Structure formats: C-alpha cells, structure tokens
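Next up: some structures, all given as structure tokens.
Here subunit A shows up in two complexes: once beside subunit B, once beside subunit C.
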Partner chain A sequence: MIKAINFIWIILLTLPLCVAQKGDVLIKGGTVLTISQGVKEKTDVLVLNGKIAGIGKNLQGPIGIKSIDATGLYVMPGIIDAHSHIAIDAVNEASHPVTAEVNVGEAIDPFDIAVYRALAGGVTISHAMHGSANAIGGQCQTIKHRYGNMDPETYKMEGAPRTIKFALGENPIRVHGEGQGIVPRTRMGVEQVFRSAFSEARVYRKSQNDFKSGLLAMAPAYNLRMETLADILDGKILIHCHSYRADEILMLMNVLKDFGVKKICFQHVNEGFKVAPELAAFGASASVFADWWAYKFEVYYSTAYNAAILTKNGVVTSINSDSDELIRHLYHEAAKTQKYGGLTDDEALKLITLNPAIQLGIDTRVGSLEPGKDGDIAIFEGHPLSVYAIPQYTLVDGKVVFDRKNDPADMRLDVDPDEKFDFKFYERVAERDKCMQDVTETLFFGQQYHNALHGH
Partner chain B sequence: MKQIYAFIILILTTGQLSAQMVAKSEAGPFLLRNATIHTITSGDFTGDLYIKDDKIVQLGVNLRPDGKYTTIDCSGKHIYPGMIDAGTQLGLSEIGSISVTNDFNEVGDLVPQMQALTAVNPNAVTIPVTRTNGITTALVAPKGGRFPGTAAVIDLHGYTPEQMNAGFEGVVMNFPSSGRRGRWDRRSDEDIKKDSEKALKKLDEIWADAVLYAKIDSAASSQKTQIASYQPEMEALKNVVNKKTLLLVEVNKSSDILLAIDWIKKTGVKAVLTGVSEGYRVAPKIAEAGLAVITGPVLDTPRREYDKYDAPYTNAAVMFKAGIKVAIRTDEAENVRNLPFNAGFAAAYGLGKEEALRAITIVPAEILGMADRYGSIEPGKVANLLICNGDPLETKTIIDHLFIRGWKIPMENRHTLLYDEFLKRSPGLK
Partner chain C sequence: MQNRRILWMVLFVFYGFCLKAQEYKSGVTKNYFIQNVWLTTSPGTEAVLTSVKVRDGIIEEIGPGIKPGFDYKIIKADSQYVYAGFIDAMSHTGIKKEEDKKETPKLPSRGLANYEQSGITPQNNALANIKPKDSSISDLRKSGFVLSHVFPRGRMIAGNSTLIALNDAEHEDKLVVKNNVAMQASFTPANGASPSTVIGVIARFKEFYQNTGLAIDNEARFAKQNLGHKKPEYVEEWQAMAPVYKKLMPLYFVTPKSKDVFRAVELQKGMGFQMVLADVQHLQPAIDKVKAGGYAVLLSPQLPEEQKEEKKEKGEKKEGQANADAGREEAGKANERTEEEKGLEKRKKEKWQEYLAQAALLEKNNISFAFSMANAKPADFLKSIRAMKKAGLSEKAALSALTTTPASMLQIAGQYGTLEKGKSASMVFFDKAVWDEKAIIKQVMVDGQMYVNEEKPKSEGKPGDGLKLEGEWSYTVDVQGQVETGRFKFVKEGKGYSGTSTSDANESTPMEDLIIDGNKVTFKLMINSGQPTPVTVELTFTNDSYTGNATIGEAGSFVVKGSKTNGPK
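So, the complex of A and B:
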C-alpha cells in the first residue's frame, strides 16, 4: 500500500516535467537581428505564452513578467540545425537498403547532454536524423531542445512535417554492397534501389485505391514500409538526402522527376556547387558543412565556398553540424561563409535560421523574429558572426533554458549514484561522418583505421 | 606584315596559356610599405618592412633599401607573423577514411625512429588550403602507440621535405591513459585501472632500457667504438635521455597529467605537455613543475559529461592565468586552417586577443626552441608573414598576401579554384 502511494506521488511529482512549458518574457533594449525584417537597434521583444507577441520600442508586459536586459547584446532567432544526431540513442537501422518503416522519433533520448551543450551555442531546434547506411533510411524527427523534460514526447516539435533520410554514395555502397554482397555496390545500384522501392510503393497505393473504389476485392496486406514510401510519393514526407557527388545528386533528381516527387533537401552535398543551377531549377535545397572535407574520397574535391556558390545561384542553403561539437558553434560556422565567398550578415545568418526552417517545413513557426512566431531566441554578447561572440541566453518557447550567468557545470539529468567519478573521462576521438554511427567503426574502416584515427 | 602575324599569334597563344597558367610563388626582395605592423614581441607601429632572401631585414618608416625590389602598398592593411600550429598531421594524411593515404601511424608501440618528415607530402592538397589562412609553419607529429615517432616542424612551402624542414625534431610520447577511448570502449573501470597500471610499468621498463642504452652508447663512443647491435628505437630515444631532444608528452586526463609530471621529474627529460584537455583541473601543479603546454583543439567537446560546456574554450585561459606558457594547436590534418578560430575562441573565453595571438606565434616558437628564427616580426627572423584587412583571429578577415621564407605565395588552393570555376558555371543550365 505504501509502495502504491509512493508510486502515485512519483507520478504526480514528475507530471509537470512531462508537459513542455511555455514562458512569458520581455527582452529589453537589444540589437534585434530579425532575419526577415532587418536589424532593429535598442528594441524590445515580448514573448507571451511561448509566442512572440511584439517587437518594438518600450514594450510593456504583464505585471511581474520576467525581463532580460539585453542592452549591448544581440537578439536573434534560435539557431536551427537541419542535420544532427543528438538526443537519439540509435542512428542506423543498417539491416536493409530500404528501411522507411523505422522512425528516429521512437528513439529520442531526452537525457543527452549534447542537447544542453547545443543550447549553450544558441541552438533551439535540431533535425534528429536517421543515419546514412541505407539508400532509403528511417524517418527523422524535428525536435525542440526542451532540455529538462524527461518525457521524450516533449522533444517532438508539434506540427513539424514528417521527414525521411535517404543516402547516396559510399555509405550505402559499403554497408550493403561491400558488407553484405547485395545491391547497391555501385552508384548504378543506388539508383535502382530507389526506382524499385518507389515502383513497388506506387503499385501498393494503387491497389489500396482500387480496393476503395471497388475495382479490387481485397486490399493489399498492410505494410508500413510501403505506407511510408507511398506517403513520400504523395508529397507527405520531405526527403533529406545524404549526398556528396554531383553525378549522384543529378541521378536522384531524375528519379524524383520520374515519380513526381518535388520536395527534397540534399544533405552535406559537398559537390552541390558543381550542379547549383540544376538544384535551383529543380527547387531542391541544400544543407552543407561550412568547411569539412577530405575525410573520405567523395569529399576530396570540396570547397569551403560551397554555401556561397549555392546561395548566389539561388539555392536555399543551410549550414548544419552533423556533430555534437559543431552544433555548439553553428554561428561561427555560418560566419565562415563571409570569409569564403563574402556573404552578407543577413545571408550568413539565414543559413542557420530561416533557411533550415524552410528545409524542415517549419518556417511559418520559427527561423525569424516576427510576432506570432515561437519564442525561440538566442542572445549573444558580441555579434553572432564574430569569433568573439559568446551566447548569453537561449530561450525555447519563451522559457530560458540556458543562462550563462547562472550555469552550473554539471547539467546532467540522470546521474548514476554508483558512478566512479574518475573513470568517466573519454579521450578525444575525431568525429567525422556521424551519419555512420552504429555501423562505421566495425563494418567500414575496420580496426586498423579505427586505431589509426583514434591513436590506439 | 609577318611581324604583325607573329604578334597576333603570340597574343592568341599567350591568352590560351594564361588561362591554364598555374600561379607560382615569387621571389623577393619585397618592400611592404605603409602597413600597421604587429610585431608581437615589440608592439605595433605603422611603417615599412623589407624582406630579402628568406629573412626580414629591416623595419622602419620610409625605408629606401639599396638595389632592386618589389614594392607592395599595404596602406590600411595589417602585417602579422605567420601562424604556427604546434600539433598537426598536416601532409601526413590526404583522405581520412583511406588508410593508404594516412602516414602518421606506424605499426608498433615503440617506434620513435619513425620520422614524420620522411612522410610529409610537399604536394598535399591540404597544404595550400592551410597556408592561405595564414598558417605558415606546422609541427607534424606521428600518432599511435606509446612512442609513435619523431615529429618535425615544416614551413608550408617547398617541393621536398628538406626544403620545408624548419629544423626541429621532437620525440612523441603518448603517456598511458586511464581514460576511455570513446564510446566503443566497453572495458570495466577495474580493467581500465589495470591496463593503465600495466602500461605505466611497461613505460618504466622501456625507459630503463633507454637509459641503459644511452649509458653504454656514451661509454662506447668515449672509447671510439660502437654498440654492435642495431637498435633504432633506442638510438632515437638516446637524445631524449641525454636531454638534447624535446619529448612531446601527449596527456589529457587530470590524474594522468599528474602522473606525467611525476614521470618527467623522475626521468629528468626535457619535455612539453601536449593535448592537456584537463589542464584546468590541475593547472597549479603544471605551473609548479615549470612545464609548458601545447593545448588544443579549443573547438572541442568536454571530455566528461559533467563538465561545464565551455571547459575546452576556457582551458587555455585557466592554464595561462596559473602561470603556464600555453600554445594552441588544432591536432588536425585537413582542418589546420581553423587554427586562428581555435585561438579566437580561447581569446573570447578568457585568454584575450593579445595572448591568443601569442599562443599561435611566439609562444609555440619558444616552446619548440625556435624563437630566435620564428614567431615574431624582428629583423633577422624568417620572413613568414601575412598581410590582412583586420584582426587575423576574426572569422571574416581576408588575407591578401602571404610570405613564407621570403617567397610571396599565391593566394589560391583547391577551394578557391573551384570557387572561381563554379560560382558562375559556364555552360550553366544549357
């Protein structure tokens, strides 16, 4: 009986943690980088119930509202990372070239300290992606960094469109062709994986429709993989495709044309600059690294000017992290486009705010500071594109989730009471291509490469 | 008439040729006129800088050197010494995932005789990509086992390793680690403890052998004979034992740093600590031991989950304020070009701009014993310089000119060439 009462108490006590809270806050007198409507000096931003209620001079909130003095500080929309693998405890379902049925949303890990570290870099939303082992990987999840909530469901951005991971080139080739001896072992094979998967899904959806209209006596057996693929064909799921080489990018656009699929964001897309006019004409977008290259052969012919070339050719471009480390300073990664290609402040900041929001289909909600949009805000000391910028506050839904002046060292949510303090030190390992997490080290590079890279 | 034809043909062919022309470095002498010169060691001034052969010859106002030289107007520009990255695999690795292009990790735990300089590829695509960001000099170090090899310092211009050699040798040692090797490491706490104790014991055995070898060697040479057997690893350690060669001790975890300090005291070697990602936990002990530190990368995640998010950003500043001589490195191959940004983050998080700049110029030169030739703008020093339009640590700053050993280096690399070719691709869509 006592146990039962305790249990009820635990439920009641943790209940508030399961509901993501919305906040009220008045941010006063900052330099507001709205992204969509220019820079406003000495301006207030009022957030009520998690939404931006006003941007202007001398705004007043309800009595007792929390206020942040942003005098001398820069106020910008929360940074959005269109490609990461934080807050998930599985990345690759590397068991088949097509695994459209699996969903990263079922593997959310709200305890991942990387989420807090991303918040400390001003990042409020990330696209938790499936890995790149399969030509058609799993579905991804757009998450809000509501760190402190224990319930995985609270991380999911309500209303965000469904997205799915595709992958071209070396990774699916090595996992399935070299690893398992099945198609695809070449970039020819990768194309055929898409064509046969889409064709099968088209038949599946047609059979369903024929059953509904009475043409068929029986509906096809329910198949979640086919359901998902058919939803892609129906334009209900946005494709985010891991890609590097120009030829494979063109290949996928041709396949999509043949199946009438219009929405795609190419991820990494290191050779996107070579086919920028084709990407622009198709209406495809691109999410790139600022300067990562040469970690594998398909990124050997890269340029740090990629984002600038794509932007100047009219491709909606974002800068992503794909890394627990880079995600902490995406503002700095965006600034590199000013060195490599001379983008303006607005163009550079769009790469980590409005453009990734467009790519994730959430730009009506976030990505710029406008009344009605979510109160996801990053506040910097120093211009965010300066190497000396220091994030001071980060807000999600109007709630302060990072405050540099009130920031204890240990921000873990689940501390093991039996942990032996000194053994939890991890040597630095070079972090490249996190898309291959769960398969890389064993299947790909083998022990020799692992040893070479990691110094043992 | 013939002459006119010849002239037309000449124009046509040179037009075609120049389209394919590869930019080459130019020899001096050069007079860099009317720049803000940041000497690092003796303040800033506006004036001229004269380069002849591979050296900075003269600094001053309205210089008029004798003989012929090329003048470069630097009005409104800034001159800084070339940056030095004191810990890289630059030139030793071409493509990360392709092991046959990686030459920094030889087989064996005790291979200090392996020479990084031997495997530096002077034509590595990474080298121009790196230097055009203002890094003119790099320590290239082997990685891997306990003694993975001998590091060298290279200037980032030249067609043979010998041409690039800046004249430094240091033996690398990876001090036994009691940390986990990333998330794949599933050893129990007890096993980690046992492994590191075993490794420490083994290190002492290796060292006892090296000391013995050095003694026999000096006895043999005093009698003008040689040790009969060929022991290249002991030969390579001999000069470390004799305190002639610097030992670069890679160590990161706080408790390991303390053990390394004891070990260095015990053996009496001439050493510098590298990595030192938890230096901030034991900074007074490092300072007390009088050891210098080459730390980095600064752009790194904390090594423990319970560490403050900015620990890697503030580490250099904490150590500097404790009185330690701190240089900053990237520990990178293709991303060495981010050295100024690593310094910039350290500057923002407590180190300050001036000291951060010193941490990638004069301080590494001092630590590596090269400060008589490198690390600042002074007459007589090697002419490794960058000319830029602002703060060299700031992300958007553009470097206009680069000099390495007095050569004016073309500001192009694979990345800029691809930009030039593809910004306005021709043909475009059709």
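So, the complex of A and C:
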C-alpha cells in the first residue's frame, strides 16, 4: 500500500505542474471554527474549484467529490503568518540602507521543505519578507503554500497587495553605521534615511511626470529604487516595519504623517503595549511574537501581554513566527494570549487568521471560513488552542497539501544528486530568527569570512 | 582612372602570388587527400566509406572514386570514422580564470557601486582576453571541437562573445571566425558591492535594461535636431547593451538549475530580449515554460557524479568476486543501511537519472539545444553525452547538438556543422564510431589544418621481467592504529599502464604520475577524507607481494603491504 502511494506521488511530482490547481472537497461533520461567524458543531464545509461554496448541515457535493470525514475534528481557516522568510533564496540585500528596488518575490524557492513543514502546522499563507538589515529594505511577497508546484510564480498569491520591509533601530545602525561608517549611525540617522529617501522620491516622480507631460524633452534616467519609493508615497505599497522601541515607533508614524502615508503594520513591536492608543489612532496594525525577546539590547523591555494589550486597545494584532520552526506551531503561540491576557478563543484565533489577513490586505479572500472565500483550511485533532492539538489535514485552494496519515516520509521536491549523507553525524543548527540572514556573518566576522563561507 | 585600376589589380595579383609563394616556402601544403574513411556527412545519415579532398581549408570533393592531385598530402585514415568537427556553444576557452581576489575591493560607500563594480560590463569583449597559446584551446580541440564560442569571464552582464576556430595561431586575431556574436548574463552577485544577492541582481538588471532603452530613445530624439534637446548622456555600458535591447544580439542567460530558468524566463517575458538558456544542468520542472517561450538551450555536459552505490553493484557483477573474503562480508552487514537511508539513496539515484535524461527531454519536446563547455571538462564530455544517449537521447539529436544546431545558432550553418563540398574542412577522426564507449579521437582538422592526438602512455617506465603488474592487488595500511584496507588495480593501456586505488568503502581514486621502474612502482592519489589530501605511494614488488610506504598529506609516512588477488601470476 505504501509502495503504491509512493508510486502515485512520484507520478504526481514528475508531472509538469506549472499551473496551480484548484480542488473540490467536502469536509463532513467537523466542528467548524469560522472565526467571523462563531463555532458551528457537526457542520460540513463544501469547497468547489478552490472556493468555499457552502457551510452547513448535510451538504452535497457533485458525484465523486473527494470527501474528508471530520467527525470529532476541528475545522478552521488556514493559518496566516504575517512575518516569515521561508521559500525565498535571498533575504537581505544589505548593500545599502535603502533597497526598495529589490523584491524577494523574484527569488521564490518552491522546493523549500520549510513550506511543507509550515503546512504540517496548518499554515497556508505566509508573508515572505525581506530582512531587517536596511532602514528601507526590499519588497516582500505574500505566498500561498501551494507545495508540490515547482514554478515559483504559482506561489505568489494573485491579487495580494504589494508590501515592503522597513526597519528601525539596531539592525540598520549596526550594518550600515557601524559596519560601513555611513548614515545611519544612530537612531536619529535612521529617521533621516526615511526622510531623505521619501524627499528624493518626490523629486524623482516630479521629473518623470515632467517628461510625460512634455515639460522635459529628454527622458530622465529610470531608477527602480525611486519608482518603488514613489509608489509607497502614492499608497500603492503597504509598509511592514521591523520595530521594538516605542519612541522609534512614534517617530516613524510622524514621518509617515509628514509624507501622507497611511498604511503601516509594525512587526515585532515589542514595546507596542506602551503606545497602543497611538497605534490605534494612526490606524497602524501590529504583528508580534507571543513571548520572544531579550535576543538583543533593544528587545529587553517586553511582555507576553503585548498581544492582549494591543488587541484590547483596538489595534489589529497578529502573532507571527519569523522562523521556520515557530511557523509549525503558531496555534500554540496564539494560545499563549489566553494565559497572558485572557483573550477569548475567537480573539486568540484571529491573531493567526483574520488579523494577519487584514495586515496583508487579503482579508476579503482568506482569514475566515465564509462562502466565497478561498478553500484554505486547517483540520485539527483537538482544539487548535489546546496544547494537545495535532494538525491532520491542510488544504490550499481546496487541495489537500498536507495529510498526516498518508503523506510519504520524504516530501522533498528537489534532491541534490551530489548530496553526501553522513548518517552518523548530524549537525543541528541553533534555531534563530531569520531577519538578519545573509548579513550576520559579514557583520561579525567580516566580508572575508562571508566570502570564504559562500565563495563570493 | 582606368590605368590606376589596372595598376591596383596587377599589384593585388602580384601580392597574392607573393603570399602563396611564402606559404609554399614553409613546406606545408594546405591540400589534403583523406583516404578511405567512414564519413558521416550530417547527423542522422549513415556513415559511408569514401575519400575527401581538402583544398585551402575547404572541402573540395567527397567521393569513393576521387583521386588526389600532385600537391595533396595523402592521409591514410583507413577505416577511421569522420564527423563534422564539434562546436562548443559557450565557454571561456583561451581566457584564464582570474585568481580569486582574497580581499574585497574597498568601495567608497556600499550601494554606490558603479556598473563595473556591480558586474555590469557589456562592453567587455572576449577577444581582448583570449590568449592564443592557452592550453584550453588545444584541450578542447583534442576532444573533437573545432570552434568555440567564447565569452569574457564576468558577473551579472559579463560581456560579448567571439567565435573562434581552435587552431594554433600565434595571434588571437587569427582565431576569429566572427566577433560580437552574443551577450552573456547571469544571476551572479557583485563582489563586496551592490548587488549582493539574486534579488539585487534582478532589480539592477531591470533598471539597467530600462535605461539602455531610454538611452536609445534619447539618442533618436537628439538626432532629429529639434530645439530644446540637450545632448543625451553617453554611457559606455548602455551603448554596449543596445544591440541586445534592439534584439540584434541574443542574450545567453546562464541558468544551471530550474529556479534560474524560471527567473530568467520571467525577466525575458517582461523585457522581450532574444534569450538562450545557457549552461543548463537541470530544467525539467520548467520544461513547459521553456517550450512555450521558444528558447534555445545550451546544456552543460558536466553531470553530477555517479553514485558510489551503483558502481559497487556493477563492480560486483563484472568481477564476480566469489572469493570475497568473509571479513569483508561481515563489515558489509555492519554497514547495512536502514530503510530511511535506503530511501534517501534511492531518491538521489532517481535524481541522477533525471539529470542524465535532460537532453532526451529537450529532444522529445523539440527544443533546440547544443552543448556549453563553460564548466565542463573536455576530456570527460563524450562520456557524458554517451550517458545521456543511454538515458534516451537519439544519436541524431546528440550529433546535431554538437554540430548543426550550434552552427545554426551562431549563423554559420553555411560553412560549418556538416561535411559537404564547399564547407570548411573542420572534422574529427575517431578510431571507432563516435558512440562506441571505447572510441578515441585520433586527429582533428580545423579549417583544413590537421592536428594529430598523440597517444601518450599513462605511465612512465616499464616493469621488470619478473613482475606481472597487471591485475588486482590487496593493500593494508596502518595509519596510527587505524587499519585501512582495499585494492590497487593496474591495467595495461597501450604502451603503458593506468591504475586505480579502491578502498573497502568503495572510494575509488585514479593513480596519477604512475612511474614503474623495474620492481619499484610509485604513484600519487588524491583521497577525500573530509578534505582533499594528496597521498604519495612507493612500492617494491617481489613476485606476488609487495611492501612500501604511503605518505599521507602532512600526517606522515605509513607502511603499506599487500599481495596479488586477481590477474596473471
């Protein structure tokens, strides 16, 4: 039997799956946690052509539709991670304090096994972000975990708004100020990086417009960095900003006010609890860790009540992973807010479903179980906020992409034929956040060390 | 006026005579009569026994009954197999690899890298960097190639290419078939400057390409001589990239793996340049997009290493080691793989097969492809192509990929790629049919100039009368208490010997610098124990056993002992 399944998998994997497929499925008799419309016991969820077609009792699908018996199981919307770095081949273009021109969506790695592991934790969408080495980093990409597809383009969530990474505080100061002796050398400098970049973009956009309207005879040089910054000023790109300290969070909101930018989600925002009313007033949202801090100086003043305080103050809040390990159990992370802050089930689950969807501008498509929304669904044995919860199935666009009982042990899509196995010795790499990927070695050991390690 | 023209003609003809006279003075005729060869004129045709007349670099006549003129050098290539000379569709032949700079260039400030520092050097031309006497030229020729499409070494946009003939001219200009043929790009980041990642490279590429287009437009505006148009900015890199933007010059995008292919395809779709996917090793997941885009592909014959497991199986079958000692069997049991480990090995093996089958996949999908020698070892490339053939590639497609397809890609199909009257006398001579595993290249003719592959024995000296070296010898070496065992194998090849050393863990290493002097044998090995380590072995033979020592890297010298296990005694 296992052999037969393996065989089917091999056939499936060798098919040129260039177009992401949408599925039909009937999930029967589960406890449906809709997030937006309460909990529905012993209820069916019907997905047709990748979209939720109905939620109710005794639903019937077309003849021959795949059916999942969810009796005794919990059915919830696919979990959304508003901050991760999985499935991309480059995280930090750390060569300048402003790199708005780069876009991690252009280096998607569809073979990253971390995507499958995330699916094994019920996560169907993640926000693949640029790192936090630069004050204005690169553009990010909202990806659907359509694991099994080998075309990077199929991972991009069609219609998801453009987003970009900003960073405050120690990271850009260390990389550029201390590392290269340029602005920003201090937190003040970081502010000036934003102000001068936006000002330059205004001038750039004016000269482009002057050419279009005929005021300029010759076309001015094209600058992708300035194009992107001008798009931010025009409200076409959502900002997601790496932040810890309250004073800097206020600083950035002031800068944005001056330049008329309205949309921002603060990431990490460990001192968000200090400025929760100000965030709410600005309309800013917050994406936090449940209880992760003290990994650098500016991240000591923290509390596990952060998410609850922000929520109670009316700030749209989510809990993220920033790690290919944490992404596998975001439901545990959400549950911690019930211990620290007493959030209700719905409030806690929103932190990993509807709220991150709002922050990514995709809440009309995903984040809750409602007819018309995408068939991105996680099915658990045990309530997802229970410490005993075990994900059983994960579906993206109505297709089962994780099946705990039936998936083969080796789910890698790409295998290196030159790979050397050493079964006796397995080096375990310490878990850490990936925000500073590509730069830390350079930072602490110098460029030569980096070159020696990476050969470039 | 008329008189002057006549004078010029006379002078020209006289000058021509002088040239000819000079050449004959050197005592080398440019006319060859190649007698009785099995000639394959083009891929897919049957080899026929015939003769070929070559005059001044051009095939003058082909036919079984033709006769040489008095000034033809007769080449008795009886029963050799002759094919059109191979064409390398992309490489850096003749250009030395720059020593990796140990120190990162100090830039005034990060991010302010200029085009050169960013790896954008489209103005670089291969010809300026080609060294005509570089050994890579003769190495490639020895492997059957007559032409090489050479790109300068570089990064994101490395520069434009020169198509060279692989002759032994003294000056690089004499190699040139044509210049400024194509541009090469890759996703290689800059060294210590912006861009430092693949996303940085893509962004920089897009911006640079866009600005090339704007420069072309601005030049056109300026040319109209309207008022209010100041002189356009002149940037060397934009000028050099303009032919690519105008689709007059193809862009060879280096894309070894499918992810690179997908990325290059996205760029191409957005910008519309003429693209060739270059130095590809594995593109299977992207095959539909490659087909839809109509891109030509240059495959790299540099394949992943064959797995040791398989070698072992083959070895056991071939040699039928019935007398394998019990000790080894015991060790085998201890090393038995778990189910999980077997599963991993199996997938690796499947993947390896998939790599071999890439050429067949391209053929099946009617995608035009040739071979790029940029990262391949010339000596091994035919072995790779034969392996691809075993994995489903047809003989016709394999030969086309080496001859007619690259000739068409490079727009020289009128002169090269097949053996016909009037075409360049560029051909390769094998002792057996090219797909025979044991076929060896005897000689190569490049534009009518013959180069003979001299057979060099792989070893120096010869064994004394009492020593029958050929066969298998066991070895035992005690390295500080850790006993390593295995076998040495010596094979007679032509006038000399070659050898391999195989450990009991089935790590096989060829012997290098094999010297045989009476009953003394020395050779070198490069073993891999975490890192490559050189080993020098010196053995003294007495009848069917030997003793000696092995000097292992810096670790010291250790005693080696062994005796004959297989072969003539």
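The rule we apply is simple: the second predicted complex is superposed on the first by the 408 of 456 C-alpha atoms of A that agree within 3 Å, B and C clash if a C-alpha of one lies under 4 Å from a C-alpha of the other, contacts with A are read in each partner's own complex, and residues count from 1 in each chain.
FYI, a residue touches a chain if its C-beta (ideal position, glycine included) is under 8 Å from a C-beta of that chain, and two chains touch if they have at least 3 such contacts.
Only a predicted model underlies this, so the values are computations on that prediction, with no experimental measurement involved.
Chemist: Look at A:Tyr300 in the shared chain and tell me whether it touches subunit B only, subunit C only, both, or neither; answer first, second, both or neither.
Modeler: The answer is first: A:Tyr300 touches subunit B but not subunit C.
Chemist: A:Leu385 contacts which: subunit B (first), subunit C (second), both, neither?
Modeler: First partner only, subunit B.
Chemist: Can A:Asp410 be said to touch subunit B (first), subunit C (second), both, or neither?
Modeler: both
Chemist: Any idea whether subunit B or subunit C touches more of subunit A?
Modeler: Subunit A has more residues touched by B than by the other partner.
Chemist: Which positions of subunit A sit in both the subunit B and the subunit C interface?
Modeler: On subunit A, the residues that contact subunit B in one structure and subunit C in the other are 409-410, 412, 415, 423, 448, 451, 456.
Chemist: With touch defined as at the start, can you tell me which subunit C residues reach subunit A in the complex?
Modeler: 102-104, 109-113, 188-189, 191-200, 202-204, 206-207, 210-211, 214, 217-218, 221-222, 226, 228-230, 232-233, 258-259, 262-263, 266, 284-289, 304-305, 307, 338, 340-341, 343-345, 347-352, 354-355
Chemist: Can you name the residues of subunit A that touch subunit B in the complex?
Modeler: Against subunit B, the touching part of subunit A is residues 113-114, 116-117, 120, 273-274, 276-278, 281, 291-297, 300-305, 308-309, 312, 324-325, 328-329, 332, 335-336, 338-341, 382, 385-390, 407-412, 415, 420, 422-430, 432-433, 441, 444-445, 448-456.
Chemist: Note which residues of subunit A are touching subunit C in the complex, please.
Modeler: Contact set of subunit A toward subunit C: 10, 16, 18, 89-99, 101-104, 106-107, 109-111, 130, 138, 150-153, 176, 180, 182, 217-219, 221-224, 409-410, 412, 414-419, 421, 423, 438, 447-448, 451, 456.
Chemist: Quick check on the complex: what are the subunit B residues that touch subunit A?
Modeler: 94-99, 102, 104-105, 125-126, 143-145, 174, 177-185, 189, 192-193, 252-253, 255, 275, 277-278, 299-311, 331, 333-335, 337-338, 340-341, 344-345, 347-349, 353, 393-398, 414-416, 418-419, 422-423, 425, 428-429
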